[in-house]
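Each in structure tokens, the structures are laid out below.
Shared between the two complexes below is subunit A, which has subunit B as its partner in the first and subunit C in the second.
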Partner chain A sequence: MGAFMSESERRKRRKAWLVAAILSAAIAVVFVVSMNTGVIRLSPIDVLRTLAGGGTERQQLILFDFRLPRIVISLLIGAGLAVSGAVLQALSRNALADPGIIGINSGAGLIVLLFIAYYPAPAATPAYLLPLLAWAGGGAAAALVFLLSYRRHKGLSSNRLILNGVAVNSGFAAVTIVVSLRINPEQYQFVATWMAGSIWGKDWSYVLALLPFIAILLPYVLFKSRTLNVLNLGTPMATGLGAFVSREQVLLLAAAVGLAGSCVAVSGSIGFVGLIAPHLARRLVGQRYQALLPVTALSGALLVMAADTIAKVILQPAEIPTGIIVAAVGAPYFLYLLYRSK
Partner chain B sequence: MVKSKLKVPALLLSIAFMSMLLAACGSGNHSNTAAGNDASPPPASTAPAASPAQTKMTDGLGHEVEVPADPQRIIASYLEDYLVSLGVKPVAQWSVANGTQEYLQDSLKDLPTIPYDLPLEAVTSFDPDLLIIGSNSAVEGGKYDQYAKIAPTFVLGDEVNNDWRKALLKIGEVLHKSDEAQKVLDDYEKKAADAKAKLEAAIPGKSVAAVWLVQGKFYVVSDKLSSGAVLYKDLGLKAPEVVKEISASGAGNWNAISLEKLADLDADYLILVNSDKDSGSAALNDALWKSVPAVKNGNVYEYPKSSSWLYYGPVASSQMVDNLLKDIVK
Partner chain C sequence: MAATTRKGRDGGQPAGKKADDALHKLHSRPRTAIVLIAAGAAALLFSLALSVSFGAMDIKFRMVWEAVFHYNPDLKEHQVIQELRLPRVLGCMLVGSSFAVAGAVMQGMTRNPLADSGLIGLNSGATFAIALCLAFLPGLPYRYVVLLAFVGAALSAALVFALGSSVRGGLTPTRLVLAGVTLSALLTALSEGIALYFRIGQDLAFWFAGGVANMRWLELKVMTPWIALALAGAMGLSRSITMLSLGEEVARGLGLRSGLVKGLGLAIVVVLAGSAVSAVGAVSFVGLLVPHLARKLVGVDYRWIIPTSAVLGALLVVLADLAARTVHPPFETPIGAMISLIGVPFFIYLANKERREL
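Now for the complex of A and B:
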């Protein structure tokens, strides 16, 4: 295939590499800025010294236990949610699809709410319990949407996927409202900030919990880039490929759910990344998933990390949920994109 | 353990990034970041001084907590009521975007605030030597371990936190002030019993309801929780049927009540907590509100949102009793 690459194809590839390099550099810069940002002032010199193993106990605590895990988590969930969105957009052949649409956020949110409201906590709950439940809730909602959209001989219908997603989401949202009316204010506060996408798992243990999902599913999806290209092309070609397609669809859907579910479980309900990052990437490098996916992952990571950095400083010492910043930055940009593309 | 494992890759990664930043500095446009921070002294290295004596206590969630013998820098966000009643001053007080617990400001004035969700770095910046936290959900998601790295962290747990008498005694225990806590409680019970007798004499057999107006909507206090517990349990006032009915179906401290239901409110006296004062409290001009029996008879006692009626705790309850003694008994 490489031998037959045309000149324009080659130019496109060069451009994709360039875009990826620029995004990586931007990520590096924001990473450094974020390490230097927080309520407690650490000068860049302090940060360097602490990284090199020096620094006071307090500086180490702030950098290694508070700031770094949070930055790394925001990178991972940004990449995970963005790629999940790109996959879902290809599967549903709908540019408006994102992890939220197949019920992951609302499913996870409902489970978190039920847990906070009804789990009798006589002792400390293990840190893994809540993300695990959130993951299961998101997965269950996605499975429900999937089952409703799947037809034995026709495979996955993209229109059904979207419509069922909307229906399941509103159902879950309704139950969520009913339950949240019955809990006390402190519990409600927790659930509300969770749903607004405060990256609440800010510990290395959450990085470790998230890493396997990202490390396995991200390469898997990248490996399937060509399949995604085919699926994205639409029905005639896809039906021509028959059963093969529906199997690939199911596997890729599962990967997208696994990615988004694990991210939402750790971060809370951050919307919009999965919608906007693929759009941004598409504008930069075009439709080809081989280039689109890595650039999507990088822009998602950059978006969430930058949003989280802003969330830390804008109302110091209070923090706003990162999801709100993502939405505040993302919404106008998205409108601009729509306006430009007519 | 996790930390040490990740330190090395994190270190390498960060050095790579840092060198890039330094290279950028060389070209001249970033120099202000470094210069600006050099001027301020680096944060003081406050390795917590080893306390002479510590007590091991088990908190409401089963953590073993090494409570310092004489904690000096306490953060007990949203539990300030108890500290005030025990004469203890925390280093920071609870706050939300639009304020603090105003009814405590006689004692907490000028005390710096900390956001209600206790961000890790904000907590660290106060160098606390003891953290007391009320509800389970405040430490959900591995947050306990992170707080515990800042200072010994004692979580009351929902069961204790929801009952101010239990919470008071527990906090007394943690602060080695059990006797004081018991005295605060005894004083309150005595005060409430006195007030109960006076109210019985002043308004025998009359019923009272507390209504909260916020953003044009009315809420009525539960017959068992929050200020409802003071009214109906401590002071033995009669709860109107409507209040009982609504409390049975709602779970909150304050439950929403529709205007139609409000018109049925068969209370002889109304306590109105008005959070809409600044925005004109238009709801109070509604014909339905004006047709509520107690309103018609002029038996409404209005308190601002800065009063203690929306809170619970020894100080809050005591102030409620004072309000009633002043306005109803006279």
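Now for the complex of A and C:
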């Protein structure tokens, strides 16, 4: 393989490595910045010393129990949502696809809304119940879209996947509107904040709940990048090239749902990352999924972590939902990229 | 129409003739379309009458007739019909066909089944303007809010258009779609931020949910000429849109000035969907799914898709409004929700019917 690599191909690979290195460096910088922003200010030196094992007990508490888990969560969901979006764009062969297209966000949102509206004492519920419900709701919606779109002999048609996704989403959104106009303003505020995407699972137990999904599914998708290259060409072409199209599609779709569903359960709907991180990466390193997927994951992680850092400080002590900042930061940058590209 | 192809087709020049030949080969069912449009129009008339007579105060069909053609201001029924119900149902009709036709034009031009008028920033621009109004100018009269919403919608569409076409290579569907979806996400995020900060989220949702109930003759009088003009324009462009829907290369090969067509098409979408969105809120389902429905029924020729979409869109919104008022009186179910609840099962059935792909 290497022997046949052309000069331009080699240059592209070098560029992909360079982009990945720059993104990783940026993540490291934002990580340190994020560690010392918050209600209580810590200097970068304090942060580094505490991370190395020193520091006072109070500093350790702040860093290890309050800030670090939240930062790790923002990194994980950024990478997870971004890669899920990239997979769905390849499967549906549509540039507008994102994790929301298969109903995950609307399903999770509706379940959370119904719970807040009709459960007698939401304040007294155990903390893990809401993410669990959101996960179940998102998964159920995705399963519905999948069942409607799958044909035993033909597999998944990308068109059908999209259209059924749109239909199921509209149905869920309709019920959401009806219910949300009947609840009281306090409940509405909570649900609206949730839907706008705020990272509200903030301790290590959420990291532990999220980690298995990301740690298994992310490498799996990366491992499948060659298949994604082929699937992106369209079903007949992919079949011609010898891919087990139907099985691969189903497995990849399941992986995308698992990634996005677990992220949405912890973070609410941060919709924009899954849509835009793949496009961002495509503009930086091109179409090849071997390079595209890692860069997508890194840029998604960077975007969400940076946005979450801004969300913590911009209106102290009130917090803006991270999802809003993700769009407010990501959109102008992407428009700039779009403006510059040929 | 003829003006948009490089050589007029009346002279029988090669480009025009080639285009006609290409269009003739399309998989299209004009006869079905004519039947559908006629039946749809009849059903529309009937549901208009039904919708006017149903409501909190039940009024006989005969009374509706008299109120329209022999208006007597002393009768309470006549007043209700003239002042409240007629503008409302006519508004529903206008809004329905506007959204549907705007969606059809967008899908034809971008060749993307996910495209609708919200894609070029219209919905989010209007929402953002309304959020600003509710937060900073509370108590502004309804008609000024509508006006500002239209300004917001038009501005954000213009911005999307400028961003999409400001680069070398011009306005490609992908770039238009990406610029639109990104700007929409930005404006939506800002509106959400404003809504959360000023705690007006529910007001905003109410504003969008109850749109058609606020429709009066004044709004109708302002909207109707523009919408009529834009609908006529969409019909005029329909032949060119069909060519665009075959792909940029094909359209160019057939002698189409695609830049001009896209510009005109976007202007039509802004007028149609912009005024509809600012009057009743983002009833996005109509623009997204009615064109698919029409394509499924009458084939891929936009000369038939556009009128069919107009009729079906109007019918769907009028019926949904009727249902929204009668399901749970005296409360009104939000019309957007009602449209989805009626449309979704039907659409899922059609989308999954075997053999023919959309």
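To be clear about the criterion, the second predicted complex is superposed on the first by the 310 of 342 C-alpha atoms of A that agree within 3 Å, B and C clash if a C-alpha of one lies under 4 Å from a C-alpha of the other, contacts with A are read in each partner's own complex, and residues count from 1 in each chain.
By definition in this document, a contact is a pair of C-beta atoms (placed from the backbone, for glycine too) under 8 Å apart; a residue touches a chain by one contact, two chains touch by 3 or more.
All values reported here derive from a predicted model rather than from experimental measurement.
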Query raised in the report: Sharing subunit A, do subunit B and subunit C clash or fit in the superposition?
Result: fit
Requested in this report: State whether A:Y339 touches subunit B only (first), subunit C only (second), both chains, or neither.
Outcome: second
Query raised in the report: A:A331 contacts which: subunit B (first), subunit C (second), both, neither?
Result: second
Query raised in the report: Of the two partner chains, subunit B (first) and subunit C (second), which one does A:I62 touch, if any: first, second, both, or neither?
Result: first
Requested in this report: Please indicate which partner A:E9 is in contact with in the superposed arrangement: first for subunit B, second for subunit C, both, or neither.
Outcome: neither
Query raised in the report: When the two structures are overlaid on chain A, which partner does A:T193 contact: first (subunit B), second (subunit C), both, or neither?
Result: both
Requested in this report: Could you tell me the angle at the CA centre of subunit A between the CA centres of subunit B and subunit C, given to the nearest 10 degrees?
Outcome: 80
Query raised in the report: In the superposed arrangement, which partner chain does A:A173 touch: subunit B (first), subunit C (second), both, or neither?
Result: second
Report task. Please provide the least distance in Å between a C-alpha atom of subunit B and a C-alpha atom of subunit C in the combined superposition. Result -> 5
Query - Footprint overlap on subunit A, where subunit B in one structure and subunit C in the other make contact - result: 185, 189, 193, 315
Report summary line: Note: in the complex, subunit C contacts subunit A through residues 112-115, 163, 166-169, 174-175, 177-179, 181-183, 185-186, 188-190, 192-193, 195-197, 199, 201-202, 205-206, 209, 284-285, 288-289, 292, 333-334, 336-341, 343-344, 347-348, 351-352, 357-358
Query raised in the report: For subunit A, which residues count as touching subunit B in their complex?
Result: 25, 28-29, 31-32, 35-36, 38-48, 51-53, 56-59, 61-62, 64-66, 68, 72, 116, 121-125, 127, 130-131, 182-187, 189-190, 193, 198, 200-208, 315, 317-319
Report summary line: subunit A residues touching subunit C in their complex are 94-97, 101, 148-149, 157, 159-160, 162-164, 166-168, 170-171, 173-175, 177-178, 180-181, 185, 188-189, 192-193, 196, 271-272, 275-276, 279, 315, 320-321, 323-328, 330-332, 334-335, 338-342
Query raised in the report: Which subunit B residues qualify as touching subunit A in the complex?
Result: 2-3, 6-7, 10-11, 14-18, 20-21, 24, 33-34, 37-38, 40, 42-43, 45-47, 61-63, 97, 114-117, 119-122, 124-125, 134-146, 149-150, 155, 157-158, 162, 250-253
